[in-house]
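Each of the next two complexes has chain A plus one other chain: chain B in the first, chain C in the second.
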Partner chain A sequence: MNIWDRLARLDRRWIYLLVALAVIFPLIVPTTFKIHITPEARQLYDAVEALPDSSVVMLTFDYYPSTLAETEPMSIAALHHLFRKDCRVVTVTTIPLGGPSIAERVTRAVAAEHGKVYGVDYVNLGFKYGYVAVLKGMGSSIEAIYPTDNSSVPLSELPMMRSIRNYGDISFIYIVSDNAIVDYWISIVNAEYATPIGIGVTAVSAPKYYAFISSGQVTGLLGGMKGAAEYERLVSKEAMAFKGMAMQSLVHLLIIALVIAGNIGFFAGRRAKKRTAA
Partner chain B sequence: MSGIEILQIWVAAFFTLAIFSFLYKDNPLFKFGEHVFAGLSAGYYIGLVWKSIILQQLWYPILAGEWLLVFPAMLGLLMFARLIPKISWVSRVSLAFVMGNTAGVFLISQLNGMILPQMQATMLPLVSPDGFGATLMALIIVVGVISTLIYFYFSKEHTGALGVTAKVGIWFIMVAFGAHFGYTVMARVSLLIGRVYFLYHDWLGSFYQIL
Partner chain C sequence: MRRVAPVIIAFLSGFVMVISFCFSPDKTVLGRIEPKLLSWVTIVGGFTLLLGVVSITRVNWQGVRRKKEGWGYKLLTLVSVYIMAIPAMLPSSWSPLFGDAEGSIYDWLFTYIDSPMMGTMFAMLAFYIASAAYRAFRARNPEATLLLTAAVLVMLWRIPMGEAFLRLFGENVPGFINTYLMGGVNAAVQRGIVIGAALGAASMSLRIMLGIERTYMGKG
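And now, the complex of A and B:
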């Protein structure tokens, strides 16, 4: 049995071990990789940067806890950018499992860093069941859909919400999502109410949304942890996603090496079989 | 870090390691983690539906005088007729309402928000005033869309010019699959990084707090 045969029969648990080592190594030995800012991430940053100060921005937390590694750094970086620009932020979620509590925890932590006050500078509307009705309904009246915020405080008692009635009062919608809800934000909210939309999505769904950039329906796109790291870089708040890129890059290099080795092994094995047959 | 926060971290770390243990081989610890997750999710959803729909969106508004909500409530109750075979046909009334409503909403939004803008974005001038790069991109988009659509045209045998164009379409599809696969690998690795980062920083970090 030559080396290629052994490689073809390799127990996959050795590969898991190699991947684990590639992830753990940069944690023990701090390693940094250069990050290139993509035009799509730059476009999203510029769109937020171009908003007049104290604009109202809706930030969505449309993701489950399982994808926190990709999505939460986007939300944190977005909030730093928005609060730094003195934007007033309205957070919503269409995800019941974790969405409201993630929004509450992340927003309050970043707001405290910027000295922002709940009800004046930001509001967490939380979750409401039936996303199509919710997205359409907020076009007429946000208060009709969310009579209270996430903590059951009536919107009429929150000073910030007195001047925000519907999408007409919102300058930009910043969507952070791990699922196809983005399609409805685009096809219902952007198409019907013409509110500009920027998105941060998991890497799995990122390729799909490039088409919406070129059609002009979406203003800027962050794809996965790499997109989050780019935004962290742009807002000069390098954190978890930026650190994660070293691990990401090492694992990618390992996978590329394994794919090449696997292919060489496959062709070498086929050649050896042909020789034996001859 | 408070005691309850440390406990939360340890519970999360235990279940993370329990699920990861499947990578070695299937074992009772993994099964336990899997079943706890399934049970918790089901319980959470029942509680959520009860609180955020039945109570907040139906019962409390009815008590406050919104009597019209009785009609959607009745439509909802009709769905349970499926459990009684003799009158199961009654549930079709509710289903018909849901299907009609959904079709009406999505027909307009998909046409207005997806199909037409995407078609419009494909109708590009083949010679762009923005230079050679933009012209090349426009050509790739137009050729890619036409050849991919032709690949999915099955009313005529893929021979001759149609066959060649369909083969070009396959290449475009393969490139798209490759991009999707690459991004999917990146996404899965990110999730692993997230858990390892949690174990290293939060869980191992909690040891210092305890000591």
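And now, the complex of A and C:
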């Protein structure tokens, strides 16, 4: 067996070991990189920055715990930005498993840093079944869809919600999602009610939404951990995503190296076979 | 009647929703029907969740009782469903362990079991992707070579080290990838897919409303 055959038949456990090392190494030797801001992330930041102070912004937690590494830093950075601008934040989720808990935990933690008060500066509406009905219904009346908040407190008892009836009272919708629910926010809420929408999605979903950026239906896009790191840098709160870029960098480079090595093995092996046949 | 009634309900529901879209909810009766029907969707949806729990219980319990292959997993599924659901449904006024607030049984199970398990499953993808990329991502023909080149460029562009590397070839190279590859070629293809899927959804809705498509009733 020559070297090319060996390369082609490399035991996958070696690859797993290399990936594990690429993830662990930056944890042992912390490294930081310069993050360049993409125009899409800048657009989202500028859109929030342009909102008048004390505007109402709806922030969604449309993600499962499996993608927390990519999405949670976006939510945290967004909340820092919104609370710094004294925006009033309404959080909702279309994900039953974890969505309300994540929203509660993350929002309370960031709000405490900025001295914000529940019910006055922010409200967590939680989850309600049937996302299409929920998204459409909130266009007529938020209270009809969510009579109570996530802790079963009637909306009428929350001072902030007394002046927020429907999308007409919401200046911007900031969606953080790991699934196709973003399509419905765009096609129902943006298309019907013309509420501006900015999105933060996982890296795997991001390419899909470039089409909505160019059509003007989406104002700004954060894609994956890199997008989250960009926003962290924009709001000067470098945290989880910023640190995660070292690991992501090494794993990406490793995969590229593996693809190149695999192709070298493939072509060299094919040439060797041709020579043998001749 | 069992076949005709669902078709009539589907037709009326769809028809009313389409028509009411065109009328103002503040001024017309038809316009006001839409939010009412949407409330019904949420209510009916709540019952479908209940139906799901009944169904998962029935199917798994039968497997456990008859000791079918993998009955242990079925038992674990049942225990997991009820151990998460029951304490979350009980009022938190009885005990701080009930409900879904911080410190409750549900919250503990979610934070320390469910969330790490889901994260682990997702993280394992990195290992499989690395292995699959090594074995399957081959420049066998021009199309595959094009795909491979685009993938490598995007992967480099999405990491700071790769971006720095690309800037060695020109300060604007990452910007070109963003503008022409992601905002150009990619956006054009994605737009085609989105429009195609929307037309497909519209035609499927029409088929359901007209009773041509009946698979939702469990029959072709």
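Simple rule for what comes next: the second predicted complex is superposed on the first by the 278 of 278 C-alpha atoms of A that agree within 3 Å, B and C clash if a C-alpha of one lies under 4 Å from a C-alpha of the other, contacts with A are read in each partner's own complex, and residues count from 1 in each chain.
Keep in mind that, in the parts below, contacts are C-beta pairs under 8 Å (C-beta built on N, C-alpha and C of every residue); 3 or more make two chains touch, one makes a residue touch a chain.
What you see is a predicted model, and the numbers here were worked out from it, not measured in a lab.
Enquirer: Quick one: on chain A, after the overlay, do chain B and chain C clash, or do they fit? Just give me the call.
Expert: Taken together on chain A, chain C would clash with chain B, as the superposition shows.
Enquirer: Quick check on the superposed pair: does A:170 touch chain B, chain C, both, or neither? Answer first, second, both or neither.
Expert: neither
Enquirer: Considering only the touch criterion stated at the top, classify A:125 as touching first (chain B), second (chain C), both, or neither.
Expert: In the superposition, A:125 touches no partner, neither chain B nor chain C.
Enquirer: Using the superposition described at the top, determine whether chain B or chain C touches more residues of chain A.
Expert: Looking at chain A, the partner in contact with more of its residues is C.
Enquirer: By the touch definition at the top of the document, which applies to A:224: first (chain B), second (chain C), both, or neither?
Expert: In the superposed model, A:224 contacts both chain B and chain C.
Enquirer: Tell me the contact category for A:51 with respect to chain B and chain C: first, second, both or neither.
Expert: In the superposition, A:51 touches no partner, neither chain B nor chain C.
Enquirer: Examine A:27 and indicate which partner it touches, taking first as chain B and second as chain C; both and neither are also allowed.
Expert: So A:27 only meets chain B here.
Enquirer: Touch check for A:184: first (chain B), second (chain C), both, or neither?
Expert: first
Enquirer: In the superposed arrangement, which partner chain does A:76 touch: chain B (first), chain C (second), both, or neither?
Expert: A:76 sits against neither chain B nor chain C.
Enquirer: Which partner does A:251 reach: the first (chain B), the second (chain C), both, or neither?
Expert: After superposition on chain A, A:251 lies in contact with both partners, chain B and chain C.
Enquirer: Tell me which partner A:16 touches in the superposition: chain B (first), chain C (second), both or neither.
Expert: After superposition on chain A, A:16 lies in contact with both partners, chain B and chain C.
Enquirer: Do any residues of chain A touch both chain B and chain C, and if so, which are they?
Expert: Comparing the two interfaces on chain A, one with chain B and one with chain C, the shared residues are 16, 19-20, 23, 66-69, 97, 128-129, 132, 136, 183, 203, 207, 211, 214-215, 223-224, 226, 248, 251-252, 255.
Enquirer: Which part of chain C faces chain A closely enough to touch in the complex?
Expert: Contact set of chain C toward chain A: 25, 34-35, 38-39, 41-42, 45-46, 49, 100-102, 107, 110-111, 114-115, 118-119, 121-123, 126-127, 129-131, 133-135, 137-139, 148, 151-152, 155-156, 158-164, 174, 178, 182-183, 186-188, 190-191, 193-194.
Enquirer: Quick one: which bits of chain A touch chain B in the complex? Just the residue numbers, please.
Expert: For this pair, the touching residues of chain A are 13, 16, 19-20, 23-24, 27, 66-70, 96-97, 127-129, 132, 136, 183-184, 186-188, 190-192, 202-204, 206-207, 211, 214-217, 223-226, 240, 243-244, 247-248, 251-252, 255.
Enquirer: Provide the residue numbers of chain B that touch chain A in the complex, in ascending order.
Expert: 23-24, 41, 44-45, 48-49, 52-53, 57, 102, 105, 109-110, 112-114, 117-118, 120-121, 141, 176, 179-180, 183-187, 189-197, 200
Enquirer: Within their complex, state which residues of chain A touch chain C.
Expert: Residues 10, 12, 15-16, 18-20, 23, 33-36, 38-40, 64-69, 97-98, 100-101, 104-105, 128-130, 132-134, 136-137, 140-141, 144-145, 151, 183, 203, 207-211, 213-215, 223-224, 226, 245, 248-249, 251-256, 258-259, 261-263, 266-267 of chain A touch chain C in their complex.
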